[in-house]
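One structure follows; several queries about it will come next.
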Amino acid sequence: MSAFMWNILLAFVWAVTTELFTPTNFVIGFIIGYIVLWFAPSVEGRRAYFLKSWRLVTFLFFFIKELVIANVRMAYYTISPLNRMKPGVIGIPLEDLTDSELVVLSNLITLTPGTLSVFLSQDRKTLYVHFMRVDDPDKLRSEIKGSFERRLLELTR
Amino acid sequence: MKDILAGSFFILGGLFSLLAGLGILRMPDSFTRMQAATKAGTLGVGCLILGVAIYFADLGDSTRALLVIGFLFLTAPVAAYIIARAAYHIGVPLWSGTVIDELKDSPDRGIGEDDQIMRGAGGAGAQKASASDHTTPNPEPATGDEPRTPDHDPDDPTDR
Amino acid sequence: MCAANSPGIPLSDLAMDGAVGLIFSVFLLVALSALAPTVQRFVRGWTGLLLALGPASLFAWFATQIPAVARGETLEAALRWAPSIDIALTMRLDGLALLFALLICGIGALIVAYAGAYLHGHHQIGRFYCFLILFMASMLGLVLADNLIAIFVFWELTSISSYLLIGFDHRRTAARKAALQALLVTGAGGLALLAGLVLMGIASGSWELSEILASGDVLREHALYTPILILVLAGAFTKSAQFPFHFWLPNAMEAPTPVSAYLHSSTMVKAGVYILARMHPTLGGTDSWIWALSIFGAVTMVLGAWLALQNNQLKRVLAYSTVSSLGAMVMLLGIGTPLAAKAAIAFILAHALYKGALFMVAGTIDHETGEKNTEKLGGLVRLMPATAAVSIIAAVSMAGLPPLFGFVGKEVLLEATLESPTFSTWLVAASVAMAALTVAAAILVAVKPFIGAHLETPKKAHDPPLAMQAGPAILALFTIALGLAPQFLAGPIVGAGASSVLGEQTEVKLALWHGLTPALGFSALAVLLGVGLYFGRAGVRGVGAALGPIDAVGPARGYDAAMASLNLIASAQTRILQSGYLRNYLIILIISTAGLVGFTLFARHGVPEIRVQTIPNFYEVGLAILVVVGALIVVVSRSRLGAIAALGLVGYSVGLIYVLYGAPDLAMTQFAIETLTVILFVLVFYHLPAFATYSGKRERLRDMLVALIGGAMMTVLVLLAVEIQVDEPVSDYFIRNSAPKAYGHNIVNVILVDFRVLDTLGEILVLAVAAIGVHTLLRLRPDRRARR
Amino acid sequence: MTADLTMPVVLLDAIIGMLAFGIAMSAIRLYLGPSLADRVVALDLIATLSVGMIAIYSVKTSMPVLLLVAIVLALIMFLGTIAFALYIQKGAPP
Amino acid sequence: MSSLALILPLLIPLATAGVGILAWRSRRLQRAIGLIGSVVLVIASVWLFVLVREEGIQSLQIANWQAPFGITLVGDLLSVALVLATAVMGVCVIVYSFGSVDRARESFFYYPLMHVLLMGINGAFLTGDLFNLYVWFEVMLISSFVLLALGGERAQLEGALKYVTLNLASSVIFLTGIGVVYGVAGTLNFADLALKLSAFEEQGIVTTLSMILFITFGVKAAIFPLFFWLPASYHTPPAAVSAIFAGMLTKVGVYALIRVFTLIFNQDISYTHTLILVVAGFTMVTGVLGAAAQHEFRRILSFHIISQIGYMIMGLGLMVSGNPAAVRLAIAGAFFYIIHNIVAKSNLFLISGVANKLRGSYELSRLGGLYASNPALSLLFLISAFALAGVPPLSGFFGKLMLVRAGLEAEAYVIVAVALGVGLLTLFSMTKIWAEAFWKPAPDESDDESAGESPGKAAVRQPGMALMMAPIIFLAVLAVALGVFFEPVYNFSIDMADQILDPRAYIEAVLPPEYIEQVRGGVK
Amino acid sequence: MNSIILQTATRYLLPLLLLFSLFLLWRGHNEPGGGFVGGLVAASAIALQAIAFGPARARQAVRIDLRALIAIGLITALVSGIPALMRGDSYMQAYWMDLGHESIGYIKVGTPLIFDIGVYLTVIGVALLMIITVAEE
Amino acid sequence: MEVLLAIVIGILFACGLYMMMRRSIVKLVIGLALLGHAANLVIFVAGGLRRGAPPLVPTGADAPPELVADPLPQALVLTAIVISFGVVAFTLVLVKRTWQAVGNDDIDLMRATDT
């Protein structure tokens, strides 16, 4: 991601030229650098950099949304009578993920309520997840794969 | 404005923390309790600290606060995963109302951990336990020259 | 360190020359003792004779001092030791000291020579010489010493060297036991003597005996007189085997005969008598003195003589007879008249001569025949004529028949009892009884083996080598010579000795023939009775056997009982205190602490007043509850990992308390340490067994109670500390100076790395060693070492 | 370093109360168990909520330095939990 | 220069330990470092000793922070003499270890641990600060824990468990006491405490504080009824370790008692010191009776440590007497007794190690025949044993004499009687060892007298025996010399007592005059 | 523990923790922190490594033998007081100097910092030696 | 609050001591750890409690503007915490090794070294 390095370099140059080495100034330099990069087609991987950064932002928003929704749901489980719950453990088939992707995915699943990663199979092909409410296992499987895994892969690859 | 925002996060965080406490006490089995504790705890404290970051609105202090969130979000789920995995591995029972357990019947069920891991060996010695019964999962680890193999508390049926 | 007169010790100019000799004499013997084993290695068979030259030459030197001393002069010398605490090797040669010095060196020389032959070929003979001469040195030091502490030093050395001598035949259990018994009895007395001597020093203000003796009635009128007297008597009585401490002496006959002859007849046992004689001028003459010495002396005298006749082992008869004689000497010192003093000194001299000879003869008989039982000995005169001659001469002296010096001694004894201002009748009766029994004993032990029909013995007897014959023979010759010319030969020294005992110069007349005095009558009576007793000894023993049950409560049994109960008490006490139960130790620690601190607080201060300082917030209360809950879970948890988790809870909540009260550094450290502790616990507990409950309900309740008492004490202490403030804490200095002087804004850190850096240095050292300890414990194991 | 408090104390106390409630419930779970996993999760939650507690307290006392303490705790409690998990996994067969 | 002299007894062992740890690969290097360090420590201690003897009390404000704020090291006669004794014992034990400690222990930091122990002891003797004293106690304890357990034999571990538990319990009490003392007085510096607490009107509180410290130092000193850890453990490690423990560790407790109960808690003497005197009596008696019940070489010696601590404490307790001469003599006697006991007791432990090496046991029933086979060793034992039992003219006699005389001058007749009686029982125990281990024929020995000569003599030529004997001979000579050259030692003891009994000199050596003025004026 | 998820998370956490520990060490003189906490945090980072990858990997991560690390820490702490001795001052007396330049500001560096580094190294060595040795059992 | 904490300290002590008096050596160490906490709290509380203000000097100032908590007890406790960690860790391993050597965790069976 040399474009990112470029961005850092620009922020540094900004700080040097303004002779002000405060963190705030550095952040300003970074933002200005980002804008500069927008108009600098010579930088290699510039396009991917913008795409990734955009996806990161949307991913974060997605994550926060999931987090909030799921927490509300969790709150509901917590205070509602126990017989409303239908917990279960379901195996989610995975693509061929890298270590870091696995960690992020597992963490995301755990952090979003109603789900808890329990077990990653030896061949790294299946992630078993504990659900608070299982109505249709296959639907849950595709939900996880469709939202979390897809968005994660979009971000990282 | 800043204080209102911070205050809202405080309230949100407080509520989640409350829920986490309620959940960990009220949920019927270890895994549902973990669900409640990890999420509500992390999110609740996350919100609180976000509020603190906003409240102080000082680069150094706020960065430190955000650092806490970062750490929390990195470590808490990993910890939960590791605990859940270990708990499942040794056969902590699922709630009777559990509707499905695909892991139970899976051929992957063996934890894939070598018991000698702390001795630095690799993970090759995956052991497959009898898949049918949760209460008798793994055979006792072979610990070589120890005078007595480690075990759990025989007088405490709950300690497993 | 050199010989010199220390301040406060007056030395006449005249004495200076002789003085060095006094100290030299003791050191000569010490040096000889140290060299003895080496000499033995090189000289072998002639060692005894060679070594005997030392004491012999000292004897000669002391003999040259007789005229001067008899004139009333004294030799004095001092060697600085620790003058600041009144310890000096001050030496003083007066009549009493001279008499003893002559006996010690003279008989000592004979004994050393005798021992050379007696123990010929023994592989530890070198050590024997060493101990024997060391004893000689100690004894000489004792009689010469003038300083109270020096007296005690030599006194103890005689006990120690005699311990080594009695146990010389160390492979035998009986010898070891007898040595220990002698050491303990005389050692106990020695400690009493120490206390008595120190009290004397304190009471009189002087630590030189000569000064104390010169100061007249100071001690007799002092409030501490009675304790001093009791303590000194305890020392003297144990050493001189006075009733009821007489039992150790016959047992000490386990020692080789030269030792018995020397220590247990002529010298060491007389140390007690010596001390009494020495103390007479300052402690004597009071009613308690007279009563104690007369009664104990007389009882010992008769009892010893009686017991002598009850035995048939050569050395035991002689030993009891010695006890009897020691009793007589003590009795005479108790009477305390000039005549009695003269009698005591004469009797000491007479006894030393004949008893030393008899012991050596007894040793010779044993050595030559292999038989100790008098009843199984007889007719030896044909086989060992020389020995028989010496033995019979000594026996005659012992029996108190003229013309030997024993007769002189016994006559003055009887006279002294006749003229005793107190208890005269009883004392005369006792003396006659003693004399009669002694006659019988003398015949039994020194005459009977030689006359009559020859009895077969294990070894074929013949006269021993010259070195063994010389000793008793010379002593016998002295007995004869002194008996024939008592005034000329013994008069000066006896007179000088009596003068010392009385504390003033006295004239002494000694004569073989006193005319037809009542004493002579009693003497004759005693001899007749004695011969009768000898032939009727079977009856005497019958009576003794009938009295046997008394022995069950006697002092010898008392010693055994004391030893047994010492063992019993010791092991019982140890079983109770050092029970091995860690819990008991902890209970004692807790109760001691709480009891002592609590009692002190209430006794010295009163119930402390506690005011509530600040009202806690709700979350402070919550936190407090959390700590308590955590601790309680730890206690009640039946799962060990649960307990660890709860321990973590306690740790984290304590950390929160630190946060609450402004201690972020502490809180951080607490959290970090707590986590590491938990990890260690978890990793270690993996190998440990599960919690088990071993204690019963009652024990648990008791422990709970004790724990609560401990906790309550801590609560009170904390409240006390909060409540009371003596002064502003020094920490204001840190707060004010941290930034400007130590360039640090975190005051706690500045304290740790600057203000109190030494604490931190020690602390990381503790950590380092703890880690090394963990490493070592786990890696260095006997089982693994064995495998290596 | 320090600033004046601009937040209603009541609110902060209420938040502290909520956290305290959570901690109290976790403590009960710690006691009840029944499995070691439950106790560990309870301890982990207590530590997590303590992080929040410290953060709020830093607001209440206007002591942002306390956030460093919160960071240390957040960082390090993970380790304790993992150690327990290790134990559960390998040390507690039936 | 005094600043250097006071810190060296801490720095030398610390540096030695640090370098020693780095050299863990080479046993030979470890030995060399250990020996050099201990010899240098002796030199430094002599320097400090001479300095203090000639120029009076020395103090060092660590990091140049003036007392009572920083930590002060103080060298008075008492502490520097003990530092010197520690250093000398260090050399003795290290040389002895060369011949007796096995390879495995050596390569597991035996020598560095020994030096840390020495440092802890020196720190405890030199510090003038209550909390710093705690730190040195802990340094001492932890290194003694490890030395005790080093090797991992079962008996060692069992003994160590009790030793560790009880000592840690006492550390906790100490820590609590420090907290309370600081809470009440607001200071930790000895001199400052002396100044402030003696002026404090509520002496009952001060006495209560003193009791906490009495208990905690009492555990370290192994007084009645807090001594259990000692007989449970001291006989378990290698003899060299036993010897340094026996010689030095309990003495640190006694030192601390003497320090605080002369310098700080000297107001309510009729209460505190009477208590000390009573405890002294019980300590002597229970210790000596405990020994009488034992039949193992080192267990007997261990119980005697306790009994002899009683003598030292007795000297302190005699302060209760109003007679200044008696008090002076008593304190001097206690000091002399400490020095004597370090020499004699350590030596007996060293000798027990030789006996064990020769006969393979410490059990009296399995020992025997040493008198026949090892006359030199027998002589050395006799000297040390009789010194311990207080037989003149050896060192122990003079200690006993000083205490007895002081006690009689103080009219404390009961304690004197107890002390004398205990002396007799000590003699009894020593002769028990003598009779069993030396006189008695070895159990496996034939009745043939000359046969007793061979096995031991062969063992004398065992490797390392010379290294073991050298310190034993040295210490035996010392036990004799302390008696023969008693005068200078006595004078030193008296000077020491005078110094100890006059806290002003100590306070003035530590605190600046204006501070003293200010406190004297300021406290209620 | 043979868990990819834990191991991966550890890879990210390790540098973070080490960095933070150095921060605590460096800022400890002026803010909460210091050699102890810094050392403990660093040690816990490596302890995490030990749990996730096994003790052998943790030993590798430290590179230097832990016993030596302890000794070096001790000696560092000890040596920090030597300059004072060499100038005849009392042991451990602090010497400070200003490091830096007018333009970028000064930082105070002194012997107490060296001492704190000694503490830091010792604590790391100690905590790790304990944990790793125990873990290797 | 001092009163409350004093009581907490008392209970901690009681719990720690009770654990140490158990016959199981495993409980012994746990008791020791509890005692450590209790002792540290004693120093902390006895030295005087002040809510809030840690002993830090604001940047640029020479001394804290307000009353701060007493730093000395804090430094002492910090030292004590660390020492107690080292000691407890050692004891823990000692207990383990003792258990291995004796083959039992009942401390009443470990009396051979006493009499």
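For clarity, chains are labelled A, B, C, D, E, F and G in written order, and residue numbers in each chain start from 1.
In this text, contacts are C-beta pairs under 8 Å (C-beta built on N, C-alpha and C of every residue); 3 or more make two chains touch, one makes a residue touch a chain.
Bear in mind that the values here come from a model prediction, so they are computed numbers and not experimental data.
The minimum number of touch steps separating chain C from chain G is 1.
Counting only chains that touch, the fewest steps needed to get from chain B to chain E is 2. Relative to the C-alpha centre of chain F, the farthest chain centre belongs to C. Of all chains shown, the one whose average CA position lies nearest the global CA mean is E.
Look at the CA centroids: the one farthest from the centroid of chain G belongs to C.
Averaged C-alpha coordinates put the centre of chain B at 14 Å from the centre of chain D. With centres defined as mean CA coordinates, chain D is found 26 Å away from chain A. If you average the Cα atoms of chain A and of chain E, the two centres end up 67 Å apart. Taken residue by residue, chain A touches two or more other chains at 103, 106, 117, 120, whereas all remaining positions touch fewer. Shared interface positions of chain C, defined as residues touching 2 or more other chains, are 574, 578, 580, 582, 586, 639-642, 660, 664-665, 668-669, 672-673, 675-676, 679-680, 683-689, 691-693, 714, 717-718, 721-722, 729-731, 734, 745-746, 748, 752, 754-761, 763-775, 777-779, 781. In chain B, the residues that touch at least two other chains are 15, 22, 34, 38, 42, 71, 74-76, 78, 80-82, 84-85, 111-113, 117-118, 146, 148, 150-152, 158-159. For chain A in complex with chain B, the residues that touch the partner chain are 23-24, 67, 70-71, 74-75, 77-79, 82-83, 85-91, 103, 106-123, 126, 128, 130, 132, 134, 137.
Those residues of chain G lying in contact with chain D across their complex are 51-54, 56, 58-59. The touching residues of chain D, when paired with chain C in their complex, are 13, 16-17, 20, 23-24, 27, 30-31, 33, 36, 39-40, 42-43, 46-47, 50, 53-54, 57, 63, 65-66, 68-69, 72-73, 76-77, 79-80, 83-84, 86-87, 90-92. Remark: chain B residues 3, 6-7, 10-11, 13-15, 17-18, 20-22, 24-25, 30, 33-34, 37-38, 41-42, 44-45, 48-49, 52, 55-56, 58, 60-61, 64-65, 67-68, 71-72, 75-76, 78-80, 82-87, 89-92, 111, 113, 115, 117-118, 135-141, 150-152, 158-160 touch chain D in the complex. Touching chain B in their complex are the following residues of chain D: 3, 6-8, 11-12, 14-15, 18-19, 21-26, 28-29, 33-38, 40-42, 44-45, 48-49, 51-52, 55-56, 58-59, 64, 67-68, 70-71, 74-75, 78, 81-82, 84-86, 88-94.
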